[in-house]
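Structures follow.
Both of the next two complexes hold subunit A, though its partner changes from subunit B to subunit C.
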Partner chain A sequence: MAAPGDKEVLSIKGLQVCYRTDRGPVRAVRGVDLSVREGEIVGLVGESGCGKSATLLSVMRLLPFPGEIVAGSIEVDGTDVLALNGKGLQALRGGTVAMVFQDPMSTLNPAHQIGAQMKEALRVHGLPSTRSVLVDLLKEVGIPSPETVLGYYPHQLSGGMQQRVMIAISLSCRPKLILADEPTTALDVTIEAQILDLLRQINRDRGTAIVLVTHNLAVASQFCHRIAVMYAGQIVEEGSVKDVLSRPLHPYTRGLIGCIPRFRKGVPLTPIRGQVADLSENHEGCAFYPRCDKAVPGCLETLESLLDAGDRMVRCHRYGVPEYGDVAAAQDSGCS
Partner chain B sequence: MRGVKILERALAALPIMLGVCIVVFLFMRLLPGDPVDIMLGEASNVTQEEIDALRSQFNLDDPLHVQLASYLMRVLKGDLGYSISRSSNVGKLLLEALPATVELALAAILIALAVAVPLGIITAVKHKSLIDRSSMACSFLGISMPAFWLGIVLILIFSVHLKWLPTSGRATYGLVPSHVTGFYVLDSILTGNLPALKDSLRHLVLPSIALGAAPAAVITRIIRSSMLETLRKDYVTYARAKGVAEWAVIIKHAFRNALIPAVTVTGLEIGGLLGGNMVVETIFGWPGMGRLVVDGIFSRDYSLVQGAVMVYGLTFVTVNLIADILYTWLNPKLVVGEKV
Partner chain C sequence: MKERTPLVKTIGLKRYFYSRPGFLARCLLGEKERTTKAVDGVDIYIEEGETLGLVGESGCGKSTLGRVIVGLYAPTAGQVLYEGKTEPNGQMIFQNPYASLNPRHTVRQILGVSLEKRGVPLEEREDESVKLLERVGLTPLHLDQYPRQFSGGQRQRIGVARALAMRPRLIVADEPVSALDVSVQAQILNLLEGLQAETGVSFLLISHDLAVVHHASHRVAVMYLGKIVETAPTESLFENPSHPYTQALLSAIPRLGATGESRIRLQGTVPSAVDPPPGCRFQTRCAHKMDICAEMEPLPVEIRGDPGHVVWCHLRASKS
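Here is the complex of A and B:
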């Protein structure tokens, strides 16, 4: 992994996303602050529906209707993303920031050849799109016989190969930041490792910052410098991968780690009790409170920001309480 | 590979055509009365002997299966028979009428597509907007209006009251372009005959609107619903994420894929136009196949109706074959299957 630089590539402050549905507003993202520096890999983890993808899509201004950004600011490489429109937005999308989606089978257009889809990305950003450029890109992402693949349609490639093509397209305009939305979820485990290796190599060779959305803590632990755990549209814990996963402070992070299956016989899984918070409701205080084993009455008060816990930030009232540092249990989980 | 498939489909049309031939033959015989009854219906001073003689002259006194067999044999030789009511060769009559029908059908399809494609795209992009809702109301109207009613209303408004357009026919007397292809619009362009071009276009407007309204409405709906589906696809979001301009996202990515289901329905609709044109040609006095068939049915002109319906059948099969070819061409998954 490349050592992260000092320059901020992505800065999200107080982001709030709301889906105005027929059954009332759903607040998918409720005040997210996230900063990513040059060459850094940041993991965004959490359950389905916690606002990870909505946060990423907000950066590209690609929230599907009826979702909209209601508050906050997003800056990419010093540019205010929310002020962009038309040409500026097109230059950002695929230019400064590239996105890799979850399911390559449905993300590449079935009706166009691979070569045409690659060419399109280069052309809209005014870059040369000769055959040799395309071949070099495909070579870089490790596609065998790239000359032939250019003439293929997506369905003629395997899922792993399709994902490589998608990564090649994201690379094509030399973005400063790649947003990877669960890029390996649709692939099997051996391919997953290859794709992650590829992304890591790109990060190392080109110094491209990457935000990786995943719900797989093992992937995050191997791949990221820093990790932000999201719950109910908020970041609940953020710090270096090592600190967060080996010594989780927030009860939710600990719960997530408790849910990872282990090889050792007789170690039961400890699921988090209760249901994921309903985002169409207003939550007074901590959103995790109804499911938290360590809750105290103070949890019903709203925390305006994350608390500084020295090596990381935590959104929990109980941070610092002695019985909290139950390090041994977390280390047992084998995540360190 | 593709050529073989097309040939396969074309050959499959043969039994269909045979079926069409037999069914029409039998259905015509189910109608009460035969050509001789109709021809002699008004006359009172005819003897039974004379009637029988006429019947045997047209071979109408043979058993049904003999008539059918001899008809099929003649068709195989390319002879569609003799039209009793028009005293002419059926093949010749159909060839004369075909350009008129095709010209009208093409104009109707052109109008239908010119309305349906942009409207289908816009209503999908502006889903649930005012334009979407009002277009859908109009399309509902378009589907519900029968062509004969719409034709008469159009004539009333634009020909009778406003006097903008002619009420019937293909061309004003004296303005018929010299014969090259039989398509008046094309012929007048080829011969550089501007007044004839203007005249034939003016004659074409109302019937092609009457004929194209229903397919326009149906195709709009199909394009809209398949656009709504493709617009939600990941590859459309991905195209936006690549920085592709919105219009190109809509046309190159969403519409290109939405075309796949739309093509099949459009093919069927064009086939359906053939049925509609009998009504529209009759109302507008359009000298095409539709009118031949209608007249033929009323005068029990067996050979004429059978011949015309066979041409209809052939056209229907061909149009659907073309739609199928377009479909495979638009959908690469059907053609190239190998994996790396």
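Here is the complex of A and C:
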């Protein structure tokens, strides 16, 4: 993987997203700070409803109704995304920032040939869209006989090939940042491995920064430089992949790791009790409190920001207090 | 195979799907009938109290095989024997617990249908339903609620309770946790494990998630394009995968803390089950392909010194 540079490509500060539904507001993102540097791969992991996709969609200003960014700032390559409109947004979407979605079959238009769909992206951004440009793009993402594939409709391609086409389209305007929302979740493991290889190669060769949203910790551990674990609309732990996964500090990160079967016989799974937090409710203090086995009443006080744990940031009231020692002792629950 | 009768045994099981184009398409466009060979000659067995993991990529026929085994599809050829008899005694747990529960029925009604089918008299059904709910970690308060009022994990618990209502000897669990969040997955896997310890029920666990299969199965069968290519006790399959496809599949799994560098990269994609390649089905993607692979279907070979580890591969046949 390319060594990340110093320049910030994406900077999110204090992002808050709210869905104003008929049954009251749902606070999907509750204060997220995230920074991605040039050439870096950052994983955003967590369970469904933790706000990871809403964070990504905010960067593209693609939040579906009734979602709304209510606070915070987002900068991409020095441009204030929240101040953009019309032309500026068009230049951002697919230009500076490209997005790869989970299900390629529903993001490609079933009624248009692959070539036509690829041309569209180039034309919108005023770039040449000759046949040779398209063929080169398809070649770069490893599609065999690209000349033929240009005339195919999406249904004539397998899921893995469709996702390659999506990646080719996302690359077409040479983005600085690729946002990948569960790009391999709909694919089989052998195909998943191929697609991750491809993204890694793009990161290495072009220095494109990637934000990968995934629920799969194992995928994140193999693919990312840094990860941010999200729970109930907040980042609860953020640091280098190795630090976070081998020595998790937040009880939720530890819990997640304990839930994953680890190819070791006889190691029981230790589920996190209860259900994922309901974001239509107001959470005072730590949202993980009702499921946490390290919780103390003090956890219900508001924690303004993440705590600096040296090699990473962690959002846990009990970090740094003396009894936290017993938490640290349980750290062998991490992966080796 | 030894003399003992396993709980479930399939003999030369096949299930084909026929698609017949309309009259005009046939006459004007000359389209032909197509036969999808979803399951094409499978012999497996499941012992009492055992979990057999069935893995393979999408479209390999693993779900169809599961459905034929519980009797949801009739076999095109071959047989499924439950302790030597053709009477099926299996229940199914589905992937999507919302789509598989009637949204207009309360939990009481959902369980009632199965209990009625089993012949439990009306006055005992309430008691029986409460027992089932408690067994899967729900409470009697849930009896009069509708599926939409439950979370995904709770719905899957209802699915498990419904399967248990028939007192089956075998439960076919088709991707039972893949629609659930990671923290809830572990709850359901532990529930299934507990049920097996308590009642001795057997499971056929169908999953594309090899970590789940490794955790929960006693034995594993690997399926590719309608056929079993390798079967072995779990430990020996994961430590000593012997079919080139199994090797590639296992090496592709993302693991926590691994780098993914040592992966075997498979070329191309799975061929269509309408027109599978002759001989060994994996020959089109195999790095070790020999001439014989295109000519003859491989016969099962037991790995020496590893009882129960059987592989369908010419490479192994030539070695032993």
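Going forward, the second predicted complex is superposed on the first by the 320 of 336 C-alpha atoms of A that agree within 3 Å, B and C clash if a C-alpha of one lies under 4 Å from a C-alpha of the other, contacts with A are read in each partner's own complex, and residues count from 1 in each chain.
FYI, a residue touches a chain if its C-beta (ideal position, glycine included) is under 8 Å from a C-beta of that chain, and two chains touch if they have at least 3 such contacts.
Keep in mind it's a predicted model, so treat the numbers as computed, not measured.
When both complexes are overlaid on chain A, the residue A:158 reaches subunit B and subunit C alike.
When the two complexes are overlaid on their common chain A, residue A:190 makes contact with subunit C while staying clear of subunit B.
Residue contacts after overlaying the shared chain place A:36 against neither subunit B nor subunit C. With both structures placed on the common chain, the touch criterion links A:218 to subunit C but leaves subunit B unconnected.
Legend: residue contacts after superposition of the two complexes on their common chain; A:275 is shown touching subunit C, with no touch to subunit B. In the superposition on chain A, A:256 makes contact with subunit C only, while subunit B stays out of contact range. In the superposition on chain A, A:76 makes contact with neither subunit B nor subunit C. By the document's definition of touching, of the two partners only subunit B reaches A:109; subunit C does not. The contact surfaces that subunit B and subunit C form on subunit A in the two complexes overlap at residues 158, 161. Listed in rising order, the residues of subunit C touching subunit A in the complex are 57-58, 151, 153, 181-187, 189-190, 208, 210-212, 214-216, 234-235, 238, 248-249, 252-260, 263, 265-266, 269. Within the complex formed with subunit C, the subunit A residues making contact are 47-48, 158, 160-161, 188-194, 196-197, 215-219, 221-223, 245-246, 255-263, 265, 268-272, 275-276, 335-336.
Of all the residues in subunit B, the ones that touch subunit A in their complex are 232-235, 237-245, 248, 252-253, 256-257, 260, 330-333, 336-340.
Touching subunit B in their complex are the following residues of subunit A: 60, 62, 64, 90-95, 98-99, 101, 103, 106-112, 120-121, 124-125, 144-145, 148-149, 152-153, 155-158, 161, 166, 169, 173.
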